Amino acid sequence: MNLFQSDYQEGADEKVLKALLDTNGLQTPGYGVDTITEETKALIRTLCEAPEADVHFFVGGTQANLTVIAAALRPFEGVISSDLGHINTHETGAVEATGHKVLALPSGQGKITAEQIQAAYDAHVNDVTHEHIVRPAMVYLSHPTELGTLYTRTELDAIYAATQACGLKLFVDGARLAYGLAAEPDVDLPYLAGICDAFTIGGTKCGALFGEAVVLKNAADWPHFRYHIKQRGALLAKGRLLAVQLRALLEDDHYTSLGRMANHKAQEIKQALLKKGYSMLADTKANQIFPVLPNIALKTLETDFTFAFWEAVDSAHTAVRICVGVTTPDENIEALLHAVEAL
Amino acid sequence: MNLFQSDYQEGADEKVLKALLDTNGLQTPGYGVDTITEETKALIRTLCEAPEADVHFFVGGTQANLTVIAAALRPFEGVISSDLGHINTHETGAVEATGHKVLALPSGQGKITAEQIQAAYDAHVNDVTHEHIVRPAMVYLSHPTELGTLYTRTELDAIYAATQACGLKLFVDGARLAYGLAAEPDVDLPYLAGICDAFTIGGTKCGALFGEAVVLKNAADWPHFRYHIKQRGALLAKGRLLAVQLRALLEDDHYTSLGRMANHKAQEIKQALLKKGYSMLADTKANQIFPVLPNIALKTLETDFTFAFWEAVDSAHTAVRICVGVTTPDENIEALLHAVEAL
Amino acid sequence: MNLFQSDYQEGADEKVLKALLDTNGLQTPGYGVDTITEETKALIRTLCEAPEADVHFFVGGTQANLTVIAAALRPFEGVISSDLGHINTHETGAVEATGHKVLALPSGQGKITAEQIQAAYDAHVNDVTHEHIVRPAMVYLSHPTELGTLYTRTELDAIYAATQACGLKLFVDGARLAYGLAAEPDVDLPYLAGICDAFTIGGTKCGALFGEAVVLKNAADWPHFRYHIKQRGALLAKGRLLAVQLRALLEDDHYTSLGRMANHKAQEIKQALLKKGYSMLADTKANQIFPVLPNIALKTLETDFTFAFWEAVDSAHTAVRICVGVTTPDENIEALLHAVEAL
Amino acid sequence: MNLFQSDYQEGADEKVLKALLDTNGLQTPGYGVDTITEETKALIRTLCEAPEADVHFFVGGTQANLTVIAAALRPFEGVISSDLGHINTHETGAVEATGHKVLALPSGQGKITAEQIQAAYDAHVNDVTHEHIVRPAMVYLSHPTELGTLYTRTELDAIYAATQACGLKLFVDGARLAYGLAAEPDVDLPYLAGICDAFTIGGTKCGALFGEAVVLKNAADWPHFRYHIKQRGALLAKGRLLAVQLRALLEDDHYTSLGRMANHKAQEIKQALLKKGYSMLADTKANQIFPVLPNIALKTLETDFTFAFWEAVDSAHTAVRICVGVTTPDENIEALLHAVEAL
């Protein structure tokens, strides 16, 4: 069976694996206070052109999201998100478990707009009973989004302006950032580091065994951040493992290269499906595609391939998610292209 | 510099690393619903002689502790622990962050007794104002303890009887269980699985890159446990990585063998120090030793070796922790033995 | 100025006040373990025809809601509510602060339906990734709703059937229950006690200085409930004050009588407004009305009367809430009727 | 039966009750934004000589404590308290339920010292693993303490200096402040307002039906505080009821006068017991006394009087708490004095 339902079906990219092997015997202090970690933080600051930034490493995305959000908010504050946002739909209420409401806004193709954010903020402050209502204090975006779409620089400029006008923090979840950087080069690391109070550079879905880097724009705004990490159970004992992997990915622009290759292959599959006359639920340029397939065709494909069910479009059609990850074997992709051809 | 301050200074045992390499290219579903994970769970159930048990894997110990405890308790309930217990001292209030009080009992050499547990429970229920007081509902032990000591089977029998009499759940933190199994063979996996509602088999400090197995005595008592794991940010995307490592450790009793070797080396160092006339803060048989050293001798050793500061015993003496882990290089141990000799 | 924006603008009904005075000098144990409290609980059990029920008293509604919900749910579970539900909109995230997500459903006129509840539950259990999603475990309704509307017995029968089919708990917030009982007599106390796992009988908005009774259908399903109350800061030291007031209200059906009078007056105002040609945002039979007024008319009325702003219907019209409470002075109502007449 | 186990066995002081009656018919906006509340806040600011202070009203002490503490701390921070502190022993883990650890220090007679606070802070910051440990950020004291004892101005000066040196907030729980102000006049309202970031002026145990005023030294340090109150379920709908009562108590120094009378009577009982040769567990000057009684004498007294069990001193002696509140009937006190005489 060839698995296409997500981009975390295999282990790690070869370069990442080699880095883990090469450093295995080294002795370092635990909990991320070693020199590899320090060097990798410095590398990320350099890549982000953000000398004032703080960088921390987490094993996974939910962990990173809940820790950053809980660290940023006061008890009565909430975080604005697309209704499709990962924190609103697929983290089993992890943010609420830290005491905070997710303030969901309806989204077109996974994205929310500056206008929606401004309107939500205005609605709050203009309500005379606002002390009885959760106060919006942060905006959470995913880039790419859960629907594989990407924010443009223009959209992000407007969102940034809105958050500045409203005094809201901006947090971008980059779990799939390798694919985003490759598909939307205008939204690069220095740009994100300039507009985001916090953002993540995802490793798990982009070639690492696991690991996300969290970039905090101004270290001074996030005092004592390691206490938060430890309290949430997110301080890895052998902390350098995270840095080793992220360094292997980010050096020499390997990260974006990996994303570019995967995007390319995903788009090949998309073209093959479009050629067959199937439509897409969302218009994506990166590594996730969302074809709407006749149930019969889907059934045929599912004898050899797995996809993620997305939604029943009508009684005869189903939308699925097809992911190509940086470690998806080439032969699987070839096989899928042939199978689509043969439909 | 040779690092002895803890047992998580290197990467993984060779067998673990090989298993990760061998499985790297495999495609599996994410989040621990793959066959490697299922097989490893079955292996652990077999080793524990506990067919009714549920098994789950976590990246780290704090994560495992907070998830198990929060899953076990109702909001007004607390967990009894030694005052030196990891959850009480070194997890930045992770348990409290889930809403629960740690009910600390004074401990001799890191251990608490059945009598203390019974007395704490009785004090609660006999207090007419008990509805104003956190209700004890679980007992947390570490084995080995934070002071490297071990519970005997007789002590654990009594603790188990007390928890049964009081209706308390019993949870044993086995972050260093490899060393415990080797040093106190009476307390083996089937025994622990018989008395504990939950216990952990630690990987991180026992030869894995990371990973702890949580064994839940009766699966039926812990419904929907994977929701808890996900909510706490502890459901690893590439979940099989945990199973791969734990399997490599637990197959063919490799785990206990590794523990035995490390214990042996730690005890060699202890003997060398005792021979020099230094006393130990605690009487340990496993991989951690706690010598009380003259500050001058300590200073000499610290030119080449790092230890964990434990406490200032008096103005001229300091207790330190020396750990030997399963991956501590032999040459480091030799060097330390020579350095002790030369004091 | 005559205040009509809510039903908690004055002190208490005369009967309630007299009961407080009459019992002021009595000595009783604190924290609600006195005989007045016991008698009032018995009275409520009798009125509800629910001998197995447990009854507790709270100072306020948010306190009661958060305590009941947090006591009912396990950490990963959430509570279904109308998007207009008080817990979703006007309690500053009190439920989330206990760690639980409010699962909001769109509502027509403040109400949700059995079909919506069933669909939400089905969507959860049928999603293969449901372990990544907050699990619905309770349904929260308000009766009357935040829009002043009422559930019929038929609607509640269907909702009850759905919750039973799905294994969901049912919780009805009766902050304004006096008005509900008077306007919809089919939905009486025994009926509510039969279908609800928990419901409240509101005092604060129905003639008490403060106080809500929480009725728990089966005491055995809510063990140690007083611990929850104390932990949330909701156990009143002079606990009998709550019982004294609720008893004064509930004896001799005074409660429903008060509600009936207020409903009658609110409906008089509604008729006067309808007669003037103004429409209502929602069709209400109880003590809250939601007229859509031309801004000019509103401005005129606001020289002497206060209402609660509800929403801007269009650039020339505004919907407001007008409440008549059991203690609203008759002369205020007369004045408002005259003012409407004169528009 | 004459109840002496606590100081909340009756209703309210006559003056308080009259104030409630006199204002019952008034219409005011809800939730404490009325003019009575504003005037009472101004009165308290004046009495505290603290024009920059913010004042809020709560129904009860646990509610006030948990709200103030949760508002003051960041997630990884804890609050230092005497091990006998109300938040550590008698609030069912209310502080932990907001996510924060209570850092208990051993106490002599209910009090902790500046030296202990400084040492606890130093131990934290000097520990190289402090990021793994809950960070102390606030000190909680009770005055009078749970053992009825009082801090002297000298002790408080030292504690204040320590908190300033360590950057810790200082919070004083004045649930029984009327008795404290009367017994230790040096520690008056302006003094407390000068040293405390927050303190409470207790009403419930000092003549009100219920109610505590929270004084926050600098309003600017506690932004959006009403959101916190609402979120914790502590914003009373008919908020003016709290202000009405506190105003009645605080006007014309009625509060301290009430405390003085009760202290005087409690001390009369103490003298009678001392005269009989019984010792006291703690040396108290205010309204609580803690005699150590032979069990036989206790049994005799308990036919007509109730006390709070405190501890079994030895097999033949028991320490109990006897409280005199501002509303304890004179005849009860006379009866107790006679009964002691007759022992």
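Which chain is which? They are A, B, C and D, in the order written, and residues in each are numbered from 1.
Definition applied: contacts are C-beta pairs under 8 Å (C-beta built on N, C-alpha and C of every residue); 3 or more make two chains touch, one makes a residue touch a chain.
Given the structure is predicted, the values throughout are model-derived calculations rather than measurements.
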item	value
Chain of greatest Cα-centre distance to chain D	A
Comparison of C-D and A-C (more C-beta pairs in contact)	C-D
Between chain A and chain C, centroid-to-centroid distance (C-alpha), Å	42
Centroid spacing, where centroids are CA-atom means, of chain A and chain D in whole angstrom	49
Rounded Å distance, chain C centre to chain D centre (Cα mean)	33
Chain A: positions in contact with at least two other chains	75-76, 91-93, 97-99, 131-132, 227, 230-231, 235
Interface residues, chain B side, partner chain A - complex	1-3, 5-6, 8-12, 17, 20-21, 23-30, 59-67, 91-94, 97-98, 204-205, 209-210, 227, 230-238, 241, 306, 327, 329, 332
Contacting residues of chain B [partner chain C, same complex]	31, 70-71, 74-76, 98-99, 131-132, 135, 224, 226-228, 230-231, 235
Interface residues, chain A side, partner chain C - complex	75-76, 78, 89-93, 96-102, 128-129, 131-134, 309
